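Some structures are shown below for you to check.
One chain, subunit A, appears in both complexes that follow, with subunit B as partner in the first and subunit C in the second.
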Partner chain A sequence: MAYSDKVVDHYENPRNVGTLDKSSTEVGTGLVGAPECGDVMRLQIRVNPETNVIEDAKFKTFGCGSAIASSSLATEWVKGKTISEALAITNTDIVKELALPPVKIHCSVLAEDAIRAAIGDWKKKNNVAETEGAAVAAH
Partner chain B sequence: MNYFEFFSLPRKLTIDVPALEKQYYALSRKLHPDRFAAKPVAEQEAALAQSSLLNDAYRTLKDPIARTQYLLTQEGVELEEQSKSATEAARASGTEKKQIVPPELLEEVFELNMQLAEMRAAKQMGEDEPELRRDLMTAKDAFDAKMLETQAELERLWADWDAAVEAEDPGLREATKDAMVVLLNKRSYLRNLVRDVNEALGV
Partner chain C sequence: MSNEMSNNGVVVTESATPLPEGVHLPIYMDNHATTPMDPRVLEVMLPYFGTKFGNAASRNHAFGWEAEQAVEKAREQVAKLIGATAKEIIFTSGATESNNLAIKGIAEMYRERGNHIITQATEHKAVLDTCKKLEKQGYRVTYLQPQPDGLISLKELEEAMVTEGPDKTILVTIMYANNEIGVIQPIAEIGKLCHAKGILFHTDAVQAVGKIPVDVQKDNIDVLSLTAHKIYGPKGVGALYVRRRNPRVQISEQINGGGHERGMRSGTLNVPGIVGLGAAAEICMNEMEAEGKREAELRDYLKAKLEAALDYVQVNGTMEHHLPGNLNMSFVYVEGESLLMGINDIAVSSGSACTSATLEPSYVLKALGLGDEVAHSSIRFGLGRFNNKAEVDYVSDKLIDVVLKLRELSPLYEMVKEGIDLTKIEWAAH
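This part shows the complex of A and B:
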């Protein structure tokens, strides 16, 4: 199976690899895993407390090329977005952008989980209600 | 026909493996191509198909993990689908998705992967890091022990499952099914880790 050019690009030149200070109240950390393949993904965001804009994002992923590309893309996308805008990113957006084949869809799901987990952690640290900024109301 | 039915077994997880093996050899002889050489082509082909089903069924059922996984699929467990719908539910409610793997294990997996990456980088530079090597050895022992623990835990769950089947207890059945999924997920992480650590240590 061949990877798409975009996957190869993110894999060879991953954006935003690294670590943010986990103890800072402005930083949210999400650590998620896909046990089917043994992948682990850590995604961190730094949020401006005045504007709720995600000013920085870093990731570190141990997994296949698609998992690395999905998380690399996720950090690129969340940067500059507000919390509620970032919550609107779905795994389908990632699949489309990277042209992931069906067997790699779980990598995009993992990246979405990582964004949500990082935002969830930030909300907890800052006493923001968990459901605040939910992308779409279910009804 | 599913693999349990093929061997006329109930859908239980504790299996008498030596008895299964005997049955396998008996059926293999019965389906051996030599016995069908003089028979019509249709019969030869049917025997061949049966014998390939026999091999798949035997290989799956004799292995404890493959057997458990197979039963879960037969019971309608679709790991990837379930993970995806959990993500969708989290998205709709704006909440965080509940991870199926315990967070402490994820932390441990992540840390160990960092150490492994360091070890590989050192190796590439032609250096050996005795301290790192020692840490990895300790981690390896811990994960080996955990693998054995999960094995014992799995066997306890088999007993629960078999009891649920016998008592026709749907509640226990579902609970055991869920517990087995969690355990197998945990195990796949451990298995990958043990493999990667062994590779990095060159053992």
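This part shows the complex of A and C:
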């Protein structure tokens, strides 16, 4: 299968690979997928408690090139965004940006899930209502 | 300076450092899928595309005689490679047809004798799908599960055999060597068991013929499928060995029209292809021993290098009964397709198929009891006649680099290194 240039670029030079301190209250961690499905993504965000802006994001992914590229792109996109803005990112945005073929759409879905899971974890730690930002996410 | 060339949509980046002698990119190391044609085979075939164009069934003129003579020579060459006689060789369009003809042909011919067929879960789809079709027609099929080393249990095979009643077993079909994991089944013992119970024994020997000694007499084989393109011959031509004595096997033809090939396979013979198959068989006959030794050495060298440099690697299938050119290895915590992406100037196969919604990995590896995540991490190397040590060095060095890089990216590898038990995590299957 031919990969798009953008997928190849993220695969060759993945952005924001790494690990944030899981125990910090400023950090939200999303771990999605399953090893037996061939895809596991871990996406972490560090949120500024004053501004609710995601100041840092890191990922690690076990999966195909498209899964790696989707999660790498997701970290790039959430950085600098507020929680509400980050929740507005959808898998179709990722599909478009990376020119993913239909068989790889599940990779983008997983990346969206990872963003939501990381934000959910952060909200839980900081007692922020689950619904906050949901109005934006519903689009 | 880097020079990019586009190869069928795959971008192959040639590095600035000159390649070692003997290495030309891309490297082909997928010889279980198909083999390149041996130039010696091509040379023998060429006249049969040109001036020697006759129909082997034309009995009345020199063009036909010439073609017939060439076909009969090839029949001898193929027979000799497997210890058969020329009259026992039926030419077909390839192993898929051979397997269909053997299994359906026997099932139909011996329907009154019984209704039961035994095979195994790790067969090629050409056998499995044929058996499934027969099940729809009312036959009963037993699919034996392999042991964790990939070999079938003779005890389980014997227990599955039915010798009385309407469900009597008429056919056992077990492949000689597996196309993914390279394990060689105990063929002679299976054949012996079948003969003791009056059951016919067919083997799909596509990966074994020409690579290791195969002898239909010593191995107690009644019917055997082989193909040219796995032994450095052309695609689109294969053969079926059908035993003529002790016992004489009868096969119900699946293609009608003209009664070619002793009535078992009608259709004008593919003379250039058959000539190529014959030539390929003869080269294997002469060179198999030395070639097998050389390939096994290269394979063991590749395996040793990878095992020395990487943790969490495992070999799939027993190495004790193994094809010389095969190595199937799992690089655990790295997904196979991403691994192949990193070595896109090397042609190998992955046990992972991340191309569908179900993300089903190799059914052969799963049958061995491998977890899906390990199956997703597997690579099949198929070394062949034209691979050399410099290529093995290139492949192993590059693969090690990519595995290390992807493990830096792998959350699973990080978790395991931290001592987390991955089986204790509640994964959300998607």
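The rule we apply is simple: the second predicted complex is superposed on the first by the 130 of 139 C-alpha atoms of A that agree within 3 Å, B and C clash if a C-alpha of one lies under 4 Å from a C-alpha of the other, contacts with A are read in each partner's own complex, and residues count from 1 in each chain.
Please note the rule applied: a contact is a pair of C-beta atoms (placed from the backbone, for glycine too) under 8 Å apart; a residue touches a chain by one contact, two chains touch by 3 or more.
Keep in mind that this is a model prediction, so the values were computed, not measured.
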{"item": "Touching partner for A:35 - first (subunit B), second (subunit C), both, neither", "value": "both"}
{"item": "Touched partner set for A:11, first subunit B, second subunit C, both or neither", "value": "second"}
{"item": "Subunit B versus subunit C as contact partner of A:45, first or second or both or neither", "value": "neither"}
{"item": "Subunit B versus subunit C as contact partner of A:106, first or second or both or neither", "value": "both"}
{"item": "Partner chain(s) touched by A:94 [first = subunit B, second = subunit C, both, neither]", "value": "neither"}
{"item": "First, second, both or neither for A:65, with subunit B first and subunit C second", "value": "second"}
{"item": "Subunit A positions touched by subunit B in one structure and by subunit C in the second", "value": "31-38, 40, 42, 60, 62, 106, 109, 113"}
{"item": "Interface residues, subunit B side, partner subunit A - complex", "value": "79-80, 83-84, 87, 90-97, 99-101, 103, 106-107, 109-110, 113-114, 117, 184-186, 188-189, 191-193"}
{"item": "Complex contacts: residues of subunit A adjacent to subunit B", "value": "31-38, 40, 42, 60, 62, 87, 90-91, 105-106, 109, 112-113, 116-117, 119-120, 130-136, 138"}
{"item": "Residue ranges of subunit C in contact with subunit A within the complex", "value": "8-11, 333-338, 341-342, 352, 354-357, 359, 361, 371-373, 376, 408-414, 422, 425, 427-430"}
{"item": "Residue numbers on subunit A that touch subunit C, as the complex places them", "value": "1-3, 8, 11, 14, 17, 19, 31-42, 60-65, 67-68, 103, 106, 109-110, 113"}
